[in-house]
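Before anything else, here is the set of structures, which you'll find just below.
Consider the two complexes below, in which subunit A is the common component and subunit B and subunit C are the respective partners.
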Partner chain A sequence: MIIIDRLCYCSKLRYVNAGEKSAFTVLTLAACILSRSCAVALFVLAATGVLTVYKGGLPLFRYLKLMSMPAAFLLLGTAAIFINISKVPLGAFAFSAGSYYITGSFQGLRQGAELILTALAGISCLYFLSLSTPVTDILTVLKRLHVPALILELMLLIYRYIFVMLKLAEDITVSQHARLGNRNLAASRKSFAAMVSSIFILSIRRSGQLYDALESRCYNGTLRVLPEDHPAKASEVFCIAVFELFLYLAVIFLKLSGGMP
Partner chain B sequence: MKLSEDHNIDREILLEAERLFYTYEGESTPALNGLSLTIKRGKKIACMGANGSGKSTFFLCCNGIYTPSSGSLYLSGRPVGRTKKDLLMLRRKVGIVFQDPDRQLFAASVRQEISFGPLNLGFSEEETRRRVDAVMEELGITAYAHKPVHALSGGQKKLVSIADILVMEPELIILDEPAAALDPFYTEMVHQITRRITERGITVMMATHDVNYAYEWADEIILFDEGRILRQGHPAGLFSDHALLKKTHLTPPMLLTVFHQLQSRNLIREKSPAPRNMEELKSRLTSPPDTQEQNGFPASPPDTQEQNSCLAQQEELSI
Partner chain C sequence: MTQNQKKLIAAAAVFSIAWGICPAANAMHIMEGYLPAGYCIAWGVLSLPFLVAGFMRIKKTLDENRRALTLLAMSGAFIFVISSLKIPSVTGSCSHMTGTGLGAILFGPCTVSILGLIVLIFQAILLAHGGLTSLGANTFSMAIAGPFISYGIYMLCRKCKLSRLATVFLAASAGDLFTYCVTSVQLALSYPSEAGGISASVLKFLGVFAPTQLPLAVVEGLLTTAIVLCLESYAKPELKSVGYLKEV
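After this line comes the complex of A and B, so read on.
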């Protein structure tokens, strides 16, 4: 999470209008989910990959590493669809294990592949957004969409304080280690509990202090800050529109022609 | 005649506290114990005293964050009440830069962080943007306008927290130990910024434990002790009072000690006032009889000799 945050501030697409990027993400994500087809998913994977790596300037290795994490989860999660245990061998593959077979059908294989690819494509869309758009910009977009101010302020404060609290946790952990707080399992369990409880207390104190500091700058109930705005470019909007149009036409075509999703 | 005099006094005094009492919830000893003081316009004021002597509590009272249980506060001669309007006025005129930037900075990006104050003061987005840009330019932090606050170093965070307050253009800026936990580079930078702030006519009140800096910088020292003012006065006089210093666990500034030692050995021109910085001290040294004097300064080779003897004296002192 921290690494994603750091990377998004270095992205070459950072100053592209956040509305454009969000619209692209949401529409493409919806197309993936609606179509559930390998072809669309592969196409989306390629498109977001090019955008994030080539246009955004993220090292390919980093991107693949980031993608591999959810991919591992997906593989484990879909194992149940791929693999059956049955007394009769199914079409795709079969290994005998005693009187049973560890086996899989073509149907199951395709279903699993579709699921994995669709999910990966969806994740790649979200990665595209989070690797190119800082949280502040996303908040600006949400404000445009009239999300209640209370929720946005909470998001802002939570985002900021994740880092403050993490730093605190890190400092406490270091100081515990310096005093052999992790010398065995029992000690480290105890240290961890102490760290969590002291962070809880500290965060309550911090919130009080923050409130004081905000009040001293004439806080009146709403956290108003300048919106981070980068104007939308007509050419970019046009490209996104064409891309989405093509994508949705493909989705409709596949739905109509195949009957098979 | 009398009237105009009163008027003058009113104009000169920016903030006045009269017998302030404040006790934290659950504490038995009061944090402020009948504290009274006056802050004059345009002064550089150093607040000193042990931890827990009431400096920070007083600062938060100056800003209307804490309400004293009794006593009153006057801003430019007018009493400050607890109405929303009065508090807003107080917070507009008095700004606090907190000691720990992480306690103050809440926004995700530097520019947004600095824009919070002016927007609260009711400026338009246009005007706010202009002010924020101007302050960032002035403090040399434009380069990280779009950076997230958590990606900044401690020194950079400090500059942002100063910008936070400066952008609101208060009449009094309170710096709570601004150089705490800063490296020499950022310490010097903060000192430079402080200098520029005062040159603009903004009154600065700074809590510090650095006697040497306070001695050189401040027009006035305020000594806090157990929720009261022990002494408020000119640095040279205050720091020459050894009984007072002992009581507050402060050491005299090095420059003053050296000056007194040189004076007792007749190496200083007679009746010269205490120097505020090294340059002034050098100009007050008597020249050795065998060297020619140029414009009040000894010629350059003896100058180094002079310094050496100075150092020798210092060493002797420390032994």
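After this line comes the complex of A and C, so read on.
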């Protein structure tokens, strides 16, 4: 139902220590954001691409399709950054529209290009994590970071019930369509509202049942689940450390040399 | 071809391209890696007091009544699910509700801030909507600003004795619109325009996202109204259990 969740359980990197993967993701992400240079972004894009597709065993086509998902935001948002409307034309290009110009400068174009690459590199880091680490593993990492138990418990239950409710929504939608509940816009709007409200009712009812079930199994305020333990391998930690060291040296070097290229 | 015909074709092309891009547009999540590091942290810090308040509120509710835990979890899952469902719209394109307006009306804005944070984390991980670095900014616009405005307007309209339908419609669509404005301001603060500074940049972002967000706000308002109507006629006991129908 949720494609990323399904893929991450099939990943070959699934049983690598979750702490390693999270640390790699966060550090690399930070490096991308801090440097905002095309070189670092391209390097990260290549590294995470290799890791996800080659090491993780994800089909390349799938990966590219996932990478193109946020394209709309990227195009619209970036266009808004480097296209200006002003009375004086700027350097790179200018079209006149009445007494104003639709214009942009080389500075803006470069900023836009850097932004697109940084954002793509960032999303590839995020994909590396979410396509190799199931949510339950991420929760164990968060637990070790001392996130309040209440939040983690809520997250676990919410994660569990997202799928139950999506299945409900799907079933209801199928049966509505079978009865031509989507024959025109007004009808489909009405069916949508009916569907959402019956999901609400069912979920409230189910939450009561869930609590009864928990209580009958001696629930006293904490949900206990057995964590799967996959200890970190020294070789992997070493590789990650070398990679991050190299990356941060590159970031520092680029900053000192004035942010070019 | 005359000049006018050319203009007409160009206009049609622009229109169709705009609609071509629209289908993928969802509620305005700022993408991973889109904000500079300083702004990521700043928005996170700004959201912190609201989140702490929400956390305290939830903790207090749970201390009084442990049963509320599963109810809260279900509400969170409910917000995630309604924000990931495709809603019926004119072009057959897929757009999504934010769901936070409905959440704020049903569960109260403080609770929704924490649930919204969790939903945003899952949206980033499971759907690649938004991201980890832009989590702070997204939390502020979607889980805090939108719900609080929705709830404020909802309360205000009830004071003014407006009809139920109008109240819910106004609250939901205003929450949606406000989220969209806040996101535009967030983007503009990070990327001020070279010609005209921050204010020009705000206008640009507002303009660029208007074609998708304005219809979405109206649709969200209509749907939320319909949902609340349905709920009020079929789900009185359930609404009482989440505290929505207490005073009625």
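A few remarks follow.
We adopt the following convention: the second predicted complex is superposed on the first by the 239 of 261 C-alpha atoms of A that agree within 3 Å, B and C clash if a C-alpha of one lies under 4 Å from a C-alpha of the other, contacts with A are read in each partner's own complex, and residues count from 1 in each chain.
The rule is short, and it goes like this: a contact is a pair of C-beta atoms (placed from the backbone, for glycine too) under 8 Å apart; a residue touches a chain by one contact, two chains touch by 3 or more.
Since this is a predicted model, take the numbers as computed values, not measurements.
With the C-alpha superposition on subunit A as described, subunit C and subunit B fit side by side in the combined arrangement.
In the superposition on chain A, contact is made by A:Y159 with both subunit B and subunit C.
By the touch criterion defined above, A:L214 reaches both subunit B and subunit C. With both structures placed on the common chain, the touch criterion links A:E228 to subunit B but leaves subunit C unconnected.
In the overlay built on the shared chain, the residue A:V135 is in contact with subunit B and with subunit C. By the document's definition of touching, both partners, subunit B and subunit C, reach A:D5.
Shared-chain residue A:H146: touches no atom of subunit B or subunit C. Within the superposed three-chain model, A:S203 lies in touch with subunit C and out of touch with subunit B [touch as defined at top]. Seen from the Cα centre of subunit A, subunit B and subunit C lie 90° apart once the structures are superposed, a value rounded to the nearest 10.
When the shared chain is aligned, subunit C comes close enough to touch A:A119, but subunit B does not. Which of subunit B and subunit C touches more residues of subunit A: that partner is C. Following the chain A superposition, subunit B and subunit C show a smallest Cα-Cα distance of 10 angstrom.
Residues 5, 135, 157, 159, 164, 206, 210, 214 of subunit A are contacted both by subunit B in one complex and by subunit C in the other.
On subunit A, the positions that touch subunit C within their shared complex are 2, 4-5, 25-26, 29-30, 32-34, 36, 66, 69-77, 79-81, 83-86, 88, 90, 103, 105, 107-108, 111, 115, 118-123, 125-127, 129-130, 135, 138, 148, 150-151, 153-155, 157-159, 161-162, 164-166, 169, 182, 185, 188-190, 192-194, 196-201, 203-208, 210-211, 214, 221.
Put simply, subunit A touches subunit B in their complex at residues 5-6, 9, 134-136, 139, 156-157, 159-160, 163-164, 167, 206, 209-210, 212-220, 223-228. Remark: subunit C residues 21-25, 28-37, 40, 55, 58-59, 62, 66-67, 69-78, 80-82, 84-85, 87-88, 90, 114-115, 118-119, 121-122, 124-129, 131-133, 187, 191, 193-196, 200-201, 204-205, 207-209, 222-223, 226-227, 229-231, 234-235, 238, 241-242 touch subunit A in the complex. In the complex of the two chains, the subunit B residues touching subunit A come out as 60, 63-65, 88, 91-92, 95-96, 98, 102-109, 111-113, 115-117, 119-121, 125, 128-129, 132, 146-151, 164-165, 168.
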